[in-house]
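Chain lettering (A, B, C and D) follows the sequence in which the chains are written, and residue indices restart at 1 in each chain.
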Amino acid sequence: MHNARPLPNYLVQRFHGWRATTFADNKAWYRRLSESGQHPRAMVISCCDSRVHVTSIFGADEGEFFIHRNIANLVPPYRPDGQQHGTSAAVEYAVTALKVAHIVVLGHSNCGGVKGCHDMCSGAAPQLEETSSFVGRWMDILRPGYERVKDLPEDQRITALEKEAVLVSIGNLMSFPFVREAVEQEVLTLHALWTHIGDGSLEQYMPGQGFIQV
Amino acid sequence: MHNARPLPNYLVQRFHGWRATTFADNKAWYRRLSESGQHPRAMVISCCDSRVHVTSIFGADEGEFFIHRNIANLVPPYRPDGQQHGTSAAVEYAVTALKVAHIVVLGHSNCGGVKGCHDMCSGAAPQLEETSSFVGRWMDILRPGYERVKDLPEDQRITALEKEAVLVSIGNLMSFPFVREAVEQEVLTLHALWTHIGDGSLEQYMPGQGFIQV
Amino acid sequence: MHNARPLPNYLVQRFHGWRATTFADNKAWYRRLSESGQHPRAMVISCCDSRVHVTSIFGADEGEFFIHRNIANLVPPYRPDGQQHGTSAAVEYAVTALKVAHIVVLGHSNCGGVKGCHDMCSGAAPQLEETSSFVGRWMDILRPGYERVKDLPEDQRITALEKEAVLVSIGNLMSFPFVREAVEQEVLTLHALWTHIGDGSLEQYMPGQGFIQV
Amino acid sequence: MHNARPLPNYLVQRFHGWRATTFADNKAWYRRLSESGQHPRAMVISCCDSRVHVTSIFGADEGEFFIHRNIANLVPPYRPDGQQHGTSAAVEYAVTALKVAHIVVLGHSNCGGVKGCHDMCSGAAPQLEETSSFVGRWMDILRPGYERVKDLPEDQRITALEKEAVLVSIGNLMSFPFVREAVEQEVLTLHALWTHIGDGSLEQYMPGQGFIQV
């Protein structure tokens, strides 16, 4: 791979800092994790956004969460067509191989992907409609959510669509036979969360109540 | 979403602990991040595995890394066919919208996805060959890597394949026109890493040298 | 003690989270507990098993239960031979110094210690018969229980032995003069419980009826 | 067991409260724990004292800590004499069967057992010297600690002895061959803590520094 370059020095330095401190203090745990395999209790699906680190919010250490991160924390509908579906593969592995007890979908404020979806669906970002736009095609998953929020006042629409991204994903998760089966057998629960980056609040969807503060 | 359930209590408790400490101590930074948007310097592509938290290894705080995590840290080849490609969407957003300066692909030891690919390609896991296997189809991306390692002694093959997962991804990244262009204009560098969970070591691919300790 | 190491960071973080929330909210109670001493109403003897937290099952707050936890929730027979008997010391302190009103012995499903006892007594785990096996010698306490269940069908034997662990302990408790005396004076009652980890059920031994659902 | 009595009603009521709430919300997790077994990361050795619940301090949920609780959080020296040693059995099971990565010994303020040891060793509690005193014989484990603190000013002596209880236990843990071996192989670390019930502070022993605030 002639395109790979040496790691920037600031990351080399930080790595050695981690190794001399956190790793050194937890060597026993890392070895156990390596030898005994992972047994994470939950899968978390969250956004790639650099401002949302679920391990921080929930104080999760190595070994606790199986984490998939993609643009806008979306899960596409079940579609076993032999194509590559990275999110579906992650869900399949978590539920059928690791047998996690919870899948947590975590949305957030200021989501660039959701904003893009809003602009695309409202006609303000025609370039996202192009076949070649990966972000546009990925955000197609959220179109049903847009339909439900498009008539809201403008200042509420984006936040509502961010929450729809979570709910659409929960809905799509239930379209996977192995997810539905595990939920029905009560060995798996699904959780819908949304966090506000700026004020550090967290809301969860409660059936019959909508999103309420945790 | 009648399927969403209340968050397990231990996570509620941890969230409130985080909010009363880390968040309270860094409120100014979280507000800035919320108001000024994210400006991450690097995109990291790593595995969903619960034992590999890149934020820990590199001591990354909120705002630093745009992180995509999928099974076996794979990037598929460029294929603008109008279908949903979550990984490609994340790469596109990082490079064209956020203009990150680095893309780091981080592989790791004990990777369940890579192990599955090995078993599938060597005939030991026929169920992964089925059309309906999301994990199998996702791991198809790594088949060219398997071809390169299949004649190695058995005890070296899995590790070699884990490193191939990184190199295949770097190679595929270069098939994206906007990645290639940014690399050629020297506004983006690619980095190939592999970490050993148990001994906390980190190796990087150096052209002409292969993987060597950082 | 040159062998003590710094606390893993995830525990430091959780401690500070607890202190900033639960402790801060209950400071008055913790101070009272510190200044006025403990007056627990019950002693609970349960297993070390990480899946059985009696404080959770009974919603017990600080100050309520004096809790002894050992492998398989066993109480050895009264034997005042001047040797170290940690369980007997805990019972003595609870009954004679704290004057608890109840002693609850709580057994549970999937108990590794009971399983070991079964295997040892049935000849399947000869290593547990060795003098140097602390687990084996400890599980000797349950041998009389094994004799009572050994002829049951195999699929009932382990559960029956888990319940015997509770009953043997209740029986042994009565061999302590200070326990017997307190029971006879009706200032102390003994309670025999067994919980199923997976379905969250709780059974109690009712004289003449055996174990029945609470 | 004609001595077992029905559970006090307040506990029945609380159990049903737990079952209708915490258990109902976490059913999936309890089932997984039941089916897949426990994989606790740490063993905690703490006191029976009703005011010290380690699960609370560290926000530990079911499945996280293997917990042994005895009077004054003591570990006796390694003595494979074929007698019953409940604490040694718990340590053996945690280290050799569960392969925990950490053993945390947690001492605390206002410890009745330590106070008893102090009174016994200083001649103020001759009844604890009797052969038949289980508490006295158990607290013999701490006599070497008393020797180290006996010349301190009176107002510092008890606290110092509480901390000695932790250090003596850490020292005794190292006398177990399987503990020493795991520590030397760096798959196990030992941690010495002391908490003040009234002010909710936590101190850890740092080699070369003594006990310092976490």
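The rule is short, and it goes like this: a residue touches a chain if its C-beta (ideal position, glycine included) is under 8 Å from a C-beta of that chain, and two chains touch if they have at least 3 such contacts.
Going by UniProt, the chains are A, B, C, D = Carbonic anhydrase.
Keep in mind the model is a prediction, meaning the values are calculated, not measured.
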{"item": "Fitting subunit A to subunit B on CA atoms, where both chains share a sequence, rotation angle to nearest 5 degrees", "value": "180"}
{"item": "Taking each chain's C-alpha mean as its centre, the one farthest from subunit C", "value": "B"}
{"item": "Distance between the centres, which are taken as Cα means, of subunit D and subunit C, whole angstrom", "value": "14"}
{"item": "Centre-to-centre distance between subunit C and subunit A (centres being mean Cα positions), rounded to whole Å", "value": "41"}
{"item": "For subunit C, residues that touch 2 or more chains besides their own", "value": "5-6, 8, 13-14, 16-18, 22"}
{"item": "Chain-level touch network, classified as line, ring, star, complete or other", "value": "complete"}
{"item": "Subunit D-touching residues of subunit C, taken from the complex the two chains share", "value": "1-8, 11-12, 14-19, 22-23, 27, 30-31, 33-35, 37-38, 40, 42-43, 48-53, 55-60, 62-71, 74, 76, 80-94, 97, 102, 104, 109-110, 112-113, 131-135, 137-141, 167, 170-171, 173-174, 183, 189-193, 196-200, 202, 204-207, 214"}
{"item": "Residue numbers on subunit A that touch subunit C, as the complex places them", "value": "22, 25-26, 29, 59-61"}
{"item": "Footprint of subunit D on subunit A - complex, ascending", "value": "25-29, 31-32, 35-36, 39, 41, 63, 99-102, 182, 186-189"}
{"item": "Of all residues in subunit C, those that touch subunit B in their complex", "value": "13-14, 16-18, 20-22, 24"}
{"item": "Subunit A-facing residues of subunit C, complex", "value": "5-6, 8-10, 13-14, 17"}
